[in-house]
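Read through the structures below before going on.
Look at the two complexes coming up: chain A is in both, with chain B in one and chain C in the other.
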Partner chain A sequence: MRNIQKIIKDGARKAVARDDVKYVLGWTPGYGFRVSPFFARTAEDTERLIFSPLCANNLTIYLTLQEKLPLPKAAALDKRKIALFVKGCDSRAVIQLIAERGISRDELVILGVPCGGVIDISKLEAKFPQAIKVEAVEEGEKLSLKVDGKSQEIPKEDILLKKCSLCEYPNPLIYDVLLGEEKQKKTKDYQGISTFEEKSPNEKWTYWGDKFARCIRCYACRNICPLCYCDSCILDKLSPQWIRRSVNLSENTVFQLLRTFHLTGRCIGCGECERACPMGIPVGELNRKLEKDVRELFAYEPGIDIEEKSLLSQFKPEDSEDFIL
Partner chain B sequence: MRKKIGVYVCHCGVNISATVDIEKVCKLASGLPGVAAAKDYTYLCSDPGQELIKKDIKELGLEKVVIAACSPRMHEQTFRGTCEEAELNPYCLEMANIREQCSWVHKEKDKATRKAAALISASVAKASLLEPLSEKEVDVIPKALVIGGGISGIQSSLDIADAGFGVYLVEKDPSIGGHMAQLDKTFPTLDCSACILTPKMVDVYRHPNIELLTYCEVISVDGFIGNFKVKVRKKPRYVNINKCNGCGACAEACLLKGRIASEFEAGMGKRGAIYVPFPQAVPLVYTIDSEKCLFLRKGKCGKSPACKAACGPEAIDFEQKEEIIELEIGTIVVATGFDVFPAKEKPEYGYDAYSNVITGLEFERLSSASGPTFGKIKIGGKEPEDVVFIQCVGSRDKELGNEYCSRVCCMYTAKQAHLVREKLPNANITVFYIDVRAFGKGFEEFYDRVKKEGIIYRRGNASEVYRRGEKLIVRAEDTLLGEALEVETDLVVLSTGLVQRDVGELKNALRLSQSSDRFFLEAHPKLRPMDTATAGVYLAGCCQGPKDIPDSVAQASGAAAKAIVPLATGKVKIDPIISFVDENICRGCGICITTCPYDAIELKEITRDGYPVEVAFVNDVLCKGCGACVASCLSGAIQQRSFTDEQILSQITALGVE
Partner chain C sequence: MSENFEPNIVAFLCNWCSYAGADLAGTARISYPPNVKVIRVMCSGRMNPSFVINALQQGADGVLISGCHPGECHYMEGNYIARRRFTLIKKLMEYIGIEPERFRVSWVSASEGEKFKNVIAEVTEDIRKIGQMKQLKREV
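Let's turn to the complex of A and B:
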């Protein structure tokens, strides 16, 4: 097996050398345990790119997040493409974005990297409270970690993000170039969701009330979501004002439910919302519940096919209606 | 706040006032923000009621009017007219429904009064945010399209053409005439179906305003009322219709003559590969069946195609290709008709197994003087001694999903029984029925007459038909006598019902809905039976539901009258309560486009901050104001006039929900 670091650097260098490519979006080592998104504009830049189980960030967000300053009158439009690295889950975000016309396929050069799962930093911090710098290399079902210079081996399931241990799509579903070897798929399991589904309505209120009460409305979950890309979010609207600015259980609940429902049939389960939440609210659980319902009721899965129509704009006479009271 | 809102509370006789304390409600309404006057009247929709409102609009300078009365479905148009007469924009009106949604459904006066007051305060809150809207007008192309050349399509075409407008009549078969041309006699008058139909077919052919497009199919419909763009596929006939004189020499020469089941004869007779469906066909032009013709299928037919050699005017053209014609149309009448219920779906009656089990339509051909037996009722060359009719085959049958009554079978069975009696005076004739529905003019009298002709009506549906020796046995239960019985017979006629025909893509192209019986859905079952949800598209005949000939003709004339209105006025008004897009917010995802049932939204490119971006664009004329796009838009960029988020939220807030 060739070294994955060399493979991705080669891939990035080739992409950035193309005349029709603006930059390559990838990952680079960041502060402490963390990995930062990185915009490589030159061959030299590409030397700084890495790929490891620490590369949790879904880079798709940077396709729609980039702030566009008004284009001066005489200036020509930069029509060059953006090259970006995608893991399996990230690639579904790209597909969904294309399906929703958030971006066009020919604006992109997609560099796919099969992924064996990414590390949950909070688990890492709990295991190595004193550590300053960590590097990780995937070795089958184990991870080999270098914690402040010392090598450690650790079983994957102890340290991966929950969504990764159940990952159905480790391999990118859309790409121009595939870098690295394809990984084994796992079967999706909604066990966690069933336990909260079984709760009574009152228990559910208590369960979520406790969690939503913690929300500080920083909107990190919205901001990091690759599919929350409206130019103007209704949360920011003042007239009419759908949600008040005040942070309290009632407004927080409305916010969380609105965020979830806006992702119905759209959420591709990259789990970035949950990862970004500074208060540790399991917001992804709500998304997974809707994902499960959508799959069971309508046999629909977003982010698979760029030609697929939006779930909520489709109607079939045979659609399940059991949920209508 | 400026006090420019007038509130008018209707007693509706005692419909509202018996349950709602009108005086109390008026008092509360007069204290609402912005309300200049709150008055009540026994019947606001009456002339003096409307005068009261008009007077206030002028004298108090009202800018908004709130009517607390019945459902807007009833009287919104009335009160819009009232506002207009008083020179107030008709869209500055809001109705609070305190009848259907309050007084009629509640008993306790105190609670109903509180609810009425809440509904009125919500309407006042919304009214204060209403904006005046203006109605657009578009020109109408003075031509109509009629789809389907049966009796309904023929009647609609003639009526529209007689009114002086151009008509394209599109028929998928080689000839117009439809099912009516196949029938022998018509009930209850017993006149010959073809004799009364063919003059009308000739009228269509001769009419200077009608362009007849037979052997053609509508493939797409774009545009909107007044300006439809329709594509029609002209299937190749392989016969030049301008040269063919209908002499029939080709059909005589065809190698497959008498070897192909004739559609017109309902399979009871045969035709060749080149054929006219029936001798009075309009146009009387031959057509080659490309699926059967040896030359077209295999490239070889004897030494050379015999039909071509036989044709004097050299009309046969094997090189003909399908053509797509584009038409510009103002209004459309859909008269696509019905299909006969496929009898094989009731296998217990043995339609597939026994040649002497036939459908009602097959009987018509058997009985017709122009049919394959020249009107002699013979099965396998023999006249039957016993004949059994089984009614409601494929109708009133929940198991099949056809819960409806096909409305013609009772009477056509009575007529057919009568025809058998006339032709075979000694035959034993039995009719099995569930109920006999003889509801039309002269129907009951006819049924009575038939019963007196020695025809045995037995109440109860047949359960099974099977062979015993030479005879067929019909097993049934006579529900009046409460006994099971078996009847020996030589001929079973199944009174097959009418089912919706599969019109393929046409249904979507015209954006037609279907009711649960699968027939096309009218805009209102009582008051708009010819209209559809698509403006400018009207329904005629059996495509809307089973009908007999008089009803089909009546509806066809009605649909024609409807279709003529926009053609005659030359303009159509467009309802301004439609959706609109905030181009600054729209992200161009297009979810509204896939959601829109009327194809009213498309993307257009605009420049935002120097960058080209795509945003949604609503076609005012196509939009029906259903609001589906508004609900689907994630960023709230698309809104509906008179139902904006702000207006609706103000209503909710006024109801006391914060």
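Let's turn to the complex of A and C:
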């Protein structure tokens, strides 16, 4: 097996050498266990790119965050493509974006990397609080770590992000080039959610009320979401103001309800919202709940087909309506 | 809950069926609980989940949405599209611990004055049992 790092760098170098590519979006090592997104514009830049189980970032967000400044006189619009690395879940975000006409397929060069799951770095940071320079290599079911010179092996199951231990799409669903070997699929189940649904409203509210009360309304979950890219967001609107800016339980709850609802049938479960939350609120759980319902009730899954119509703009006459009087 | 709790219910009725149904209940002198405040919308498809949530925040103990029966929508398919939305927002609200009785949907046609009365009576009774809205109510 060839070294994955070399494959990544080669793939990026080839992409950046193309005349019709602006830059390559990839990952580069950051401080400690963190990995930062990286824009490689030249062949030298591509040497800094890596791919390891620490690369949790979903780079798709940078496609819709591009600044579109007014052009100076007589300047031509840079119509070159963007090349980006996608893992399995990221590729579904790309598909969903294309299906919603958020971005056009012609603007992208997609470099797919099969992914065996990414690591929850908060768990690693708890184990190695002082880590500065880290190298992580995936070796089958284990993660071999080099923390400040010392080598370590940790079973991956213990430190994987929750969404990754149930990942159905480890291999990118859309790509121009596939780098690396395809990974084995896992089966998804909604066990935790079904058990929670059984509880009484009071128990549920005790759990969620406590979580929502912690929210500081930093909007990190919205800002990092690859599919929250509306120009005018309901959260920023003042007239009508559906959500007040004050931080209290009522407004926090409404914020989370509406944020989740706006992602119904669109959320592809990359789990970035949960990862970005500084208060440790399991916001992704709400998205997973709706994902489960959408699957069970409407047999619909977003981010699979670029021709798919959106869930809420279509209907079937036989849709369930058992709760309607 | 105190004995004399009177629920506060906001009903969003569609202009073509349910509003006319409520009107019929009125002209036929059918009496129904006075706890319901009616807001007329042009179609149940006009309903945005924010309306429901906002009503609950501002002191409603329950929200009722009523529209034409499926297939009878004045705008052909407004209520079909709305139905998916209602199903999902209801599931989501239940998941965070808001009682299922707080958010109800019904289909009432222009000729169903009697059914309108029954719906309102049922919704009011259910909410009277579970008491005031606590979860979303603004503190102000």
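Things worth noting here:
Quick note on the criterion: the second predicted complex is superposed on the first by the 320 of 325 C-alpha atoms of A that agree within 3 Å, B and C clash if a C-alpha of one lies under 4 Å from a C-alpha of the other, contacts with A are read in each partner's own complex, and residues count from 1 in each chain.
The rule is short, and it goes like this: a residue touches a chain if its C-beta (ideal position, glycine included) is under 8 Å from a C-beta of that chain, and two chains touch if they have at least 3 such contacts.
Bear in mind that the values here come from a model prediction, so they are computed numbers and not experimental data.
By the touch criterion defined above, A:T28 reaches neither chain B nor chain C.
Of the two partner chains placed by superposition, A:Q152 touches none, neither chain B nor chain C.
Using the contact criterion defined above for the overlaid structures, shared-chain residue A:N223 touches neither chain B nor chain C, since it reaches no partner. Of the two partner chains placed by superposition, only chain B is touched by A:D231; chain C is not. Looking at the shared chain after the overlay, A:S313 reaches both chain B and chain C.
Contacts of A:N248 after superposition on the shared chain: chain C is touched, whereas chain B is not. Once chain A of one complex is fitted onto chain A of the other, the partner contacts of A:F298 are limited to chain C, with no touch recorded for chain B. Of the two partner chains placed by the overlay, only chain C lies in contact with A:G209; chain B stays clear of it. In the overlay built on the shared chain, the residue A:S144 is in contact with neither chain B nor chain C. Put simply, more of the residues of chain A are touched by C, taking chain B and chain C as the two choices.
Residues common to the contacts of chain A with chain B and with chain C across the two structures: 234, 312-314. For chain B in complex with chain A, the residues that touch the partner chain are 584-592, 594-595, 603, 609-612, 614, 632, 634-637, 645-646, 649.
Of all residues in chain C, only 49-50, 53-54, 57, 70-71, 77, 80-81, 83-100, 104-107, 119, 122-123, 135-139 touch chain A in the complex they form.
Taken in their complex, chain A has these residues touching chain B: 68-73, 75, 77, 100-102, 229-234, 237, 239-240, 262, 309-310, 312-314. Against chain C, the residues of chain A that register as touching in their complex are 196-197, 201-209, 212, 234, 242, 244, 248-251, 253-254, 256-258, 260-261, 264-265, 286, 289-290, 293-294, 297-298, 311-315, 317, 319-321, 323-325.
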